[in-house]
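Each in structure tokens, the structures are laid out below.
Okay, so subunit A shows up in both of these, paired with subunit B first and subunit C after.
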Partner chain A sequence: MNPLYLVFGPILLSLIAYISPQGWGKYIALALFGFLMKSSITLYTLLPAHGYLMLGRYLRIDPLGFTLSLQVDQLSVVMLLLTALLLLLVALSSWSVAKNSNAYFALLILFAGPIFGVFMSTNLLWFFIFWELTLIPMFFLIGFWGAERRIYAAMKFFLYTHFASMLILLAFFLIRQQSGVFDMTLVRESMLATPTLIWWLLFIGFAVKMPLFPFHTWLPDAHVQAPAPVSVLLAGVLLKMGAYAMIRMGILMLPESAERFAVILLVIGLITLFYAALMALYETHLKKMVAYSSISHMGLVAVGIATLSASGLSAALFEMIGHALIISPLFLIAGFLHHRTGSWQMKEMSGLMQRAPYLSALFMLAGLAALGLPGTMGFIGELTILLSAIDAYGVVMALVAIGSILSAGYLIRSFRKVLHGECSPLLAQSDLRPDAALLATLVIFAALIVFFGLWPGPLFDLINPVFNGGAL
Partner chain B sequence: MSAFAILLTAALLGFGIRNLRWLKGFAFAAILTAAFFALASPPISGYTADTLSAFFGRLMLLTLAAVILGETERINIVQTLFIGAAGFLLLQSTTLLAFVLAFETLSILSFILVARMQNASQAEGAVKLFIAGAVATGLIMLGLALFTLSGHPLNAPLNAPLGVLESIGLWVMLAGLFYKLTIVPMHGWAADSYALVRPAHAAILSGIAKTVVVVALFRLFDAWLIVSPLSINILLALAIATMTLGNFMALFQQRLGRILAYSSIAHAGYMLLAIAAVKSAYAPAGLLYLAVAYLFMQTALFLLLDRLGNGLSDLDLNDIKGLASRDRFAAFYLSVQLFSLAGIPLLAGFLGKAVALFAVVDAGYWPAALIALLNSALSVGYYAWIVKQLYFDDAKAKTRLTALTAAPAFAQLILLAGTLYFGIAAFSIFAVAF
Partner chain C sequence: MNSIAVTILLLPFAGAAAAYLFGKWHKGLAFWTAEIVGIILFALTLYLYAGSTAAIDIDATWFTFGTISLPFGIYIDGLSIVMLLIATGLGMLDIHFAHDYMADDPDQARYYAKVLFFIGGMLLLVSAKEMTGLFVGWEFMGLASYLLIAFWYRKPAPADAGVAAFLYTRFGDIFLFAAIGLLFYFTRTLDLERLNAMAAAGAIDKDAAYVIALFIFAAAIGKSGQFPLFPWLMRAMEGPTTVSALIHGATMVNSGIYIVARLFDFYTAAGALIVVAGFAALSAVIGATGALVQREMKKVLAYSTMSHLSLAFLGLGAGSLAAGMTHLVNHAVFKALLFLGAGAVILAAHHTKDMFRLGGLGRTMPLVAFFMGMGALSLSGIPPFSGFYSKDAVLASTIIQSQTHGMIAVLGVIAGLLSIVYIGRLWMFIFAGAPRDRALFDSVRSPSKFWTILPLGIMALVTLILGFFQAPLSHYLTGQPVTEHHIEGLLPFLLSTLALLALLVYFFYGRRPDLTAKAAAQPLMKSLHQVLFNGYYIEAMITWFSKNIIIGAVAATAEWIDRRVIDGAVNGSVRAAQAAFALFSHTHGGKTGGYTGAMIAGAAVILLLFLIAGGVR
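On to the complex of A and B.
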């Protein structure tokens, strides 16, 4: 299989989906995302025990070292598998999108190519190209299909993340100038003249995408205004792209700088964890509460990354996957409730349990997983990060557990406000029957949360070789 | 047979062809023939064809063909051929005298081009262009006189060490050239002129003539700039001021012509930065890439405004609200070229800026590159705002816009192909520049 199909195929296919007869876009999207999932599994089976699987080099510009070099290792394939799974579930949960559905699915398809490119490209400049290209479909998806203040959110998202990207590009130029290569697999062996400057440029650039405090302000707006399936992509894929880049470049590519500045990442991760949790605690807007919960969990991921140990990084990767699977149903349910009731306020949705018991059960399951209930993925992720952090930085890291207490606070509060109590008039007059595709999506998410919560072994088998294979 | 001679002859013969279709066909034939003979030097001292002049000259001819394709007036087609001839001459100039002669010819042709106006505002734009051009010419002549006083021959390349008087002369000349290239603080006229003259003329002035001048200027002056560190510092300062002011001013504009005019000023800043990076081996490729990308993007956008506004130059953001729902192809062409100007990847504008700014980093001026990158991010503010009007806003019931007909749409396709091709295929530019 030519790997170019995976990165450029979706870009061309998005045009076909756009001009195809109305209603065909969703089928094209589903077929493509299925193909991407199958290809990701194939890549997994082909991986060597250590190092990269070379897929090909294309478009060589030798004087600049600008070559589309496509290679994958365990870390990239884990991200590819997660992305393909989420794309499939997002397509499924978007099945009832009626407004310009072909354009909507064409943009989802357009998003798939660059995101695969990000995880497959080992050339820094091409990595950046794919990184930036993800902005365009997201900009249109938020700006066209979003809620009331969608245009503001789309512009803010675009500008904020584009500014951060410029820092990343400058870092890549400095790396190329000082090491003579754009190939991220070779940079580790090079002597860089200004590693501190490069690390900080990359750190800020990736911190915006993850997002970490104080670079997070674009995300609550983007999440609130984006349609629910796009929020899933934002939280499940785009934020993970930031965390992936932080691991791949901030840690694995620049190990010496990472060691020097790990404490800064740790402190910022902790601040993000607590700040976002406190913001969620005071939030009455359901989707915004979920958005802050998402940011708080990314703070936890940052703590895991900051341990710099194989176990900590594995835990962070597990938490990244867990977070994607846990936060997605919360966003989908919040979006569904807003779509049907017209309100974002939790107090106007009280009594959901009486009107929609299955939906409430799924909301509760995802919420409990988010607060780290044993038996769910959330518990495994939080526990392993906690243990790794204590192992790396001492008992003081037990304060990470306070983050879980705070998340229990805002999530249980949301259960009380939304699920229990008298059925609100707004809820009473709304049709709360989800369509079959959305329900199926939520059930798949719930099953995965519980399955990997009870039986995390297979997922750790997939993740552990990423950092135990000498990458560190 | 040289490209210059072919285009000049075609332009002169073109006066005699009365039928618009015949004239267009004749012009395309002349352009094709000129492109074929692009590597042949004209039989004039000081002008030599090489791979660089042939490469950029051919791309210039392609954009001129796009201009002619959508043109509806015979005289404009003839003038476009004249400008093509002068552009080739400028690209092939290898000495100071040859450069100045070709540059002045191009300037005079620009004045004649914009002198054909439809209303008072276009007259204002034309007058401002003429006055700016006259000032620039005055400075260039003064610089040339100072340079001559030193006794340095005018027909020799500038690669020998130069004395103080020669350097002062060259700087005065550069001031004149910067006036035309809209470098701050000599940019004031451009915001009005580009925005007020007919957009198709602005496409030629800002998209084609400007890039030709930049490429020719770099070819001639790079040897002198490499050995003149003071000049580099001045160029860096001017470049930063130009891009920053251009981008900030563009943020506050309502009229599309003025947004593009300030965007053009900002891009002049990026190009000047690439010139300042002359000591990097990547500077020629960077500048050439930026010029090629800009040639396609800016020409396409002004031509699109020309056709949508039916030759009028006063379209504003309100006029294009909801264009995507009315004419999705026009909105698509506009968006892609705007995203390219903003530096979004897989479009020529990104690689143009990337290679140019890498050259700046490679030359050791990374803070300047950082400022340029932040400027580029800032510019997304106004480019994305235009795209927002196209796609996210509702169309007005009454519109002043005219629909894009087949010929201008095909012209846009040609220019779009250029923007997309050079968004990926960087090897052709590196092959020429290295």
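On to the complex of A and C.
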């Protein structure tokens, strides 16, 4: 299979989807994402036990180091599988988008190409190009299909992350200058003159994307204004891109610097975990609360990454996947409620359980997973990160457990406000029947959360080789 | 036997799903599914009990992450089997009782599914071999109690009570969660029996073990409704009475005591038992005095649960596993009986929970009065009922133990003696005297013999018979002979004081309630009454703290920093940049379509270049 189809194919296909007859866009998107899923699975089966699977080198203008080398290893393939799954579910949950649907799905398709490029490219320059290309469709998705303040949110999102990208680009040029290579698989072996500066530039750049405190303020705005399926893309794919890069470059590519500065990542992760949870506790805006909860969980991921151990990194990767599957249904439901009622405020939506019992049950399930209830992926993520963090940094890390009571606080309170109680006048007059595609998406999310929560073994079978294979 | 054990653990969850689906299909089927599952569960547990020679021990790995493997095994010994019998036996009777109690409810499918899930959580908890499995069961039960207490979620009070139950217990649970991490760090094992053995052999650092023991105890405090995390227990009375019986008798509150008993050697080696005893003595008195003044009969019972669980904790804290555990078992039976008796009264009196509106019901429902009276006598500690033996053993072992024989023992004895006052008061208010609300009295329905009286009778019989089997029970539970800690003089003292108190109760609540009302009207008594009635204002304090400090101060500060400092800096720098670059802004047109088109065209060119100029390897 020519890997270029995976990366550039979607970009061309998006044009076709845009000019195709009205209403075809979604079918093209679904077919493409299915193909991407199938290709990711194929790649998984082809993987060697250790190291990279070379897919191809193109454009060998060696003096410039501009070679597009596409390679995948275990970590990339896990990310590709997650991305393909989420793209499928996003397409499904967007089924009822009415406003200019061909353009909407064309942008979704446009997003798929660069995101695959990010996870497949081992050339730093190309990595950066793909990294930046993901911003463009995302910018328009938020800016056109978003809520009331979409322009502000889209601009803020774009500028903020673009600023971070400049730091990353600077770091890449420094690497190129000092080691002579743009290939991330070779940087590890080469001597860098200023590894500290490079690490910090990369760290801040990726911390914005993840996002970590204090670089997180773009996220609540972007999430709130983005249409619900795009929030899923943001939380499930774009943030994961940041965490992936943090692992790939902040840890695996620069192991010495990582060891020196892991404590920074740990502390920032802990601050993010608690700070965002407190913000969520204060929030009365439903989708903002979910957004802060999302940030809080990414703080937990950072704690897992900071352990630098095979167990901790596996736990962090599990939590990344769990976070994507758990936070997405919450965003979808919050967006749905806003779409139907026009309100964001939790207190205006009491009594949802009476009007839409199945939707409420799914909301509760995802919420319980987010607060780390056993039987869901959230618990496995928290437990494994707690164990590995205590292993790496000692008994102080028992602090991580405090996050669980804060998350219980805001989520249980949201159940009380939104699901329970008398039916509010606003809900009573709104049509709350979810469309079948949305309900199906939510059920798939719920099934995955519970399945891997009760039986995490298969997922860890996929994850463990990533870090046990001597990558560390 | 192993397959039976696994069946017992899986059946409730399968039953819950079945009860929900069948119940959605046809309303009545939910009950019958639950009833049948309940009976099968109890029968299987009995079979397990009859056939058990050695402990059932199943090892299994749950999953491996990185280099760490987490196990999920099953371990069922005598202690577990007794807890299983309590949960399935009382659970079965509770389901049976619910037939009438929940008959009018439209959401029966949901109710029975949750009840079976609840029982399943408890079974998982007491059968777990490791902390991981125990924690899963522990949290399942926390979830189920939340869902059941908030069962009537349309009304604000039950919905709030559910929130309280979840958050109070969850607050304790985070300590258990942290304890799992710490245990693993210090011992590299989560196997409960191995932890006991390691601690007894001195293989665990003593300070670490002490801290871990306290962390686990914090979770036990939350689940078992001890000071200071008890308010949820009283709020939980907003749920259906059958649920209260399930929480207070069969399942949830027992789990806190179970975990301390399960790790008893660990606690002994860590030297943490004295802390358990101290909190227990305090809680015992708070519960007993709180129960003295409540108006709602269910709240009296809730406070008495708190007090009696404290006595069980006190037994453990005094170093007597046998005394603590036998009291837990005896309490489970008579408390479930009393709750279901209260349920029968509430059902008959059209959902009146206020005792001050009842009275004289002994004439219309004599059997309920009789069986509840038996439960009350057992709770008060009158021989030959089972409650007497275990309460006596708890108090005696507390007095004998040198660490607890001072203030702690005094508080324990006071709490033990007060039982007869509050439960006597409850019984008198409901069944004796003249009806206070004539209209209500005349409209009282008589309870069904099969659905309501039968479970009460069975439990009353058990609480009586258990009294004669304390020695084998204790032996079976702990492997130790029953504690023969009777102290010369203690027994006569206890019994004569009880008799005196009984007379006083009879006089003040049965004969001359007017005198009691007059005494309660005194200003000093009034303020004391207020303090007790509101549970020493501990809930008010906790609520104030979380509202004003956690949210009002800490979270609000974080929010202020976020909006003013962090986001303020971002927006400020953007504004500055905008001002600087305003001069050049006219150079880009801002047509989004143009940008997209350019991107696609560019990508197409690049792809073409690749394919033509040597893309193929």
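Quick note on the criterion: the second predicted complex is superposed on the first by the 472 of 472 C-alpha atoms of A that agree within 3 Å, B and C clash if a C-alpha of one lies under 4 Å from a C-alpha of the other, contacts with A are read in each partner's own complex, and residues count from 1 in each chain.
Definition applied: contacts are C-beta pairs under 8 Å (C-beta built on N, C-alpha and C of every residue); 3 or more make two chains touch, one makes a residue touch a chain.
Please read these numbers as outputs of a predicted model, since none were measured by experiment.
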Sharing subunit A, do subunit B and subunit C clash or fit in the superposition?
-> clash
State whether A:421 touches subunit B only (first), subunit C only (second), both chains, or neither.
-> second
Mind working out whether A:386 is in touch with subunit B, subunit C, both or neither, as first, second, both or neither?
-> second
Now for A:169: first (subunit B), second (subunit C), both, or neither, which partner does it touch?
-> first
Could you look at A:457 and tell me whether it touches subunit B, subunit C, both or neither (first, second, both, neither)?
-> second
Where does A:151 make contact in the superposed view: on subunit B (first), on subunit C (second), on both, or on neither?
-> first
Where does A:132 make contact in the superposed view: on subunit B (first), on subunit C (second), on both, or on neither?
-> first
Given the superposition on chain A, which partner contacts more residues in subunit A: subunit B or subunit C?
-> C
Identify the partner contact of A:310: answer first if only subunit B is touched, second if only subunit C is, both if each is, neither if none is.
-> second
So, does A:143 touch the first partner subunit B, the second partner subunit C, both, or neither?
-> both
Once the shared chain is lined up, is A:159 touching subunit B (first), subunit C (second), both, or neither of them?
-> both
Steric overlap of subunit B with subunit C in the superposed model, located at which of 111-119, 129-137, 255-263 or 309-317 = 255-263
What is the shared patch of subunit A, the residues that subunit B and subunit C both contact?
-> 11, 59-60, 133, 136, 140, 143-144, 159
Subunit A - residues contacting subunit B, complex = 11, 59-61, 63-64, 66, 125, 128-130, 132-133, 135-136, 139-140, 143-144, 150-151, 154-155, 158-159, 162-163, 165-167, 169-170, 173-174, 176-177
Spell out the part of subunit B that touches subunit A in their complex, as residue ranges.
-> 282, 285, 339, 344-346, 350, 354-355, 357-358, 361-362, 366, 369-370, 373-374, 376-377, 380-381, 384-385, 388, 391-392, 424-427, 430, 434
Can you list the residues on subunit C that touch subunit A in the complex?
-> 62-68, 70, 132, 135-136, 139-140, 143, 146, 150, 153-154, 156, 159-160, 162-163, 166-167, 170-171, 173-175, 177-178, 180-182, 184-185, 208, 546, 550-551, 554-556, 558-559, 562, 566-567, 570, 574, 592, 595-596, 599-600, 603-604, 606-607, 609-611, 613-615, 617
Inside the complex, what are the residues of subunit A that reach subunit C?
-> 4, 8, 11-12, 14-15, 56-60, 68, 110, 113, 133, 136, 140, 143-144, 156, 159-160, 214, 216-218, 275, 278-279, 281-282, 309-315, 318, 351, 353-354, 368, 373-375, 379-380, 382-384, 386-391, 394-395, 397-398, 400-402, 404-405, 408-409, 412-413, 415-416, 419-423, 455-457, 460, 463-464, 467-468
